[in-house]
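What follows is a pair of complexes built around subunit A, which joins subunit B in one and subunit C in the other.
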Partner chain A sequence: MQFFGGSEISPSPPVPTATGNNAHMMYIFNRNGVCLLYREWNRPLHTLNPQQDHKLMFGLLFSLKSLTAKMDPTNAEKGNLGIPQLPGQGCSFHSFRTNTYKLSFMETPSGIKFILITNPRTGDLRETLKYIYNLYVEYVAKNALYTPGTLIKCELFNTALDQYVRSIA
Partner chain B sequence: MGREVSESCIDNLLMEMVSTYCNRFYANKPELAARRIEAIGYQVGHQLSERYTMERPRFTDHLEAIKFICKDFWSELFKKQIDNLKTNHRGTFVLQDNHFRWLTRMSIDQSPENGASGEPSIIADDKAVESMHLYFPCGIIRGALSNLGIPCAVSADISNLPACSFVVRIKA
Partner chain C sequence: MPPAAPRSGEAIFASVERVNAELFTLTYGAIVRQLLTDLEEVDEVNKQLDQMGYNIGIRLIDEFLAKSNVSRCVDFKETAEMIAKVGFKMFLGVTASVMNWDADGTCCSILLEDNPLVDFVELPDTCQGLYYCNILSGVIRGALEMVAMKTEVTWIRDMLRGDDAYELQVKLLKQVPEEYPYKDDE
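Take a look at the complex of A and B:
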């Protein structure tokens, strides 16, 4: 009797599309939970309406961050939640993987959270997320027409992001 | 020569200057805001041209001065030269920069998928803000040229970002 592990039973992960577009979708949140950007490249299944989806995602990451920080066995100091930290400093989770997708996460010291969902065979995407943060700084933060805290509506950022995401392995 | 300042600092300072003049000081009078910003550019251009022509002999004619603006002056300010210079030989020059540094990061989303952003009034507002940002470089050019003894009027044209053209009309 085989309950787990048979690849005929569990759904196989989606094959990367012919255009090389391996990412499914991307979220950007700011410190207050406002969803600044939601971009979808390949998402066949929608379970919730957009507002619920964003709230769920933000809540999930907030809880995961506190959980991982509190459960850290190596850190002798008290928890340091809420203090701005560079990505990689302190204890912060950066990805989780299921059999159908991988979610990668990065939070900047200013509280901007980048979430990228890709196929499960993708490698470590921390450098990718850092590059996307650079794109954000260049085309959004330095854009005179953008008001911080609102939806990102910058054509240059969208084009650059699409191009870059297409090139991720 | 001398000390340097980070480019992000300058970019942010200019953005803040335009936004303060447009939204706080002269909130409903864009004409006055534009004139103030252009006057600030005039002072800056005046002093910069003094600095950058320190070791040079005087310019023989207007074309030489404009060529100085296109090549050396623009390289000092923006690390590149003007890409295209046109003239009608009767006192009007068009300086075209295909990738104007201070405009490279400005963009708006014109696709109608984001609800209200497709409204013509919002697009017109964005265009107005973009043109506000150009009064400062226009002032710089005008200040530089007037310091070289050439009174003129400068206006800008942004029909296609990020390229922009500066039209210089020399007063006879």
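Take a look at the complex of A and C:
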């Protein structure tokens, strides 16, 4: 995949093995709960208005992170439930699966959260999310016209993301 | 699949696209010259360089995290080592070292062996209070703020002012944990 700067993206993208759109939705949040991006490719059912939907998603992940850190059997030092944690601290959960979808999550130490919802048969998407983080760096963080902490309106990023997501198994 | 191991500064520096060093130095010099012409006051220029560095730092941190694949640092000592060994190497191609830790582990100095920003530079008498490389202190401050650390970064030694090395002091003021941003009644 050629980018404007021509620099190599690492990790290199997983080899495409399926055609068609396998992903349902994608959210990107920053550490203040602002939804930077919401992309929808295949979502038949809408239950909430967008604001409530974003808040619900963010709240869910915030609570899940706190809960998983608290329930960690290997970590000796545990905070109390509800106490705010430094981004990236504690054990990090990366996905949950139901009978109809799989939600994959990645949080960077800078507080950017990537959430990808796909069909339940999808494998481990951590490398995929890392690649999307690299796309974010190239097209959004390095974009002089983008103000950090606001909605992402970069067409190039959207196109690259759509193209890449189509290749996920 | 286990997560990939963090990459070393040299490996990343070799793989990213690089720009000509002289072009970089001369562009930075032109920026400082223009700021001096526009703002006239040396203190204003120092503040503006720091602010510019801050704006760079808040974006740079994502590139650093994405390319170097590091996970959260355990403590401030590790953070300082990361900045010196991986960060400076990756972005400027210079090796830096960390020293002079204080008793708490919250304050340290980063020593730059060479500094590509200051090649060919001499400060005239009219600009004696200028911290020519103040953009670097802003970059570190901005980047660390995005990973929940409020710091104060100052120049202790500056070769353009007659000292024998470039030394930055990074002091951790506090760590800001993540809080639930929405108020409950909304």
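Please note the rule applied: the second predicted complex is superposed on the first by the 137 of 169 C-alpha atoms of A that agree within 3 Å, B and C clash if a C-alpha of one lies under 4 Å from a C-alpha of the other, contacts with A are read in each partner's own complex, and residues count from 1 in each chain.
Quick note on the criterion: contacts are C-beta pairs under 8 Å (C-beta built on N, C-alpha and C of every residue); 3 or more make two chains touch, one makes a residue touch a chain.
Bear in mind that the values here come from a model prediction, so they are computed numbers and not experimental data.
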item: Touched partner set for A:Pro148, first subunit B, second subunit C, both or neither; value: second
item: First, second, both or neither for A:Leu37, with subunit B first and subunit C second; value: neither
item: Partner chain(s) touched by A:Met25 [first = subunit B, second = subunit C, both, neither]; value: neither
item: Which of subunit B and subunit C A:Arg126 touches, first, second, both or neither; value: second
item: Partner chain in contact with A:Asn158 - subunit B first, subunit C second, else both or neither; value: first
item: Superposed model, subunit A: greater residue contact from subunit B or subunit C; value: C
item: Which of subunit B and subunit C A:Gly59 touches, first, second, both or neither; value: second
item: Touched partner set for A:Asn134, first subunit B, second subunit C, both or neither; value: second
item: Doubly contacted residues of subunit A, that is, touched by subunit B and again by subunit C; value: 142
item: Interfacial residue positions of subunit C with respect to subunit A in the complex; value: 1, 3-4, 7, 15-17, 58-63, 65-67, 69-73, 146-148, 175, 177-182, 186
item: Touching residues on subunit A, where the partner in the complex is subunit B; value: 138-139, 142-145, 151, 153-158
item: Touch list for subunit A against partner subunit C, complex; value: 5-8, 10-11, 31-33, 55, 58-59, 62, 83-89, 108-112, 124, 126-127, 130, 133-134, 136-137, 141-142, 148
item: Interfacial residue positions of subunit B with respect to subunit A in the complex; value: 8, 11-12, 15, 18-19, 105-110, 114, 117, 126, 129-130, 133
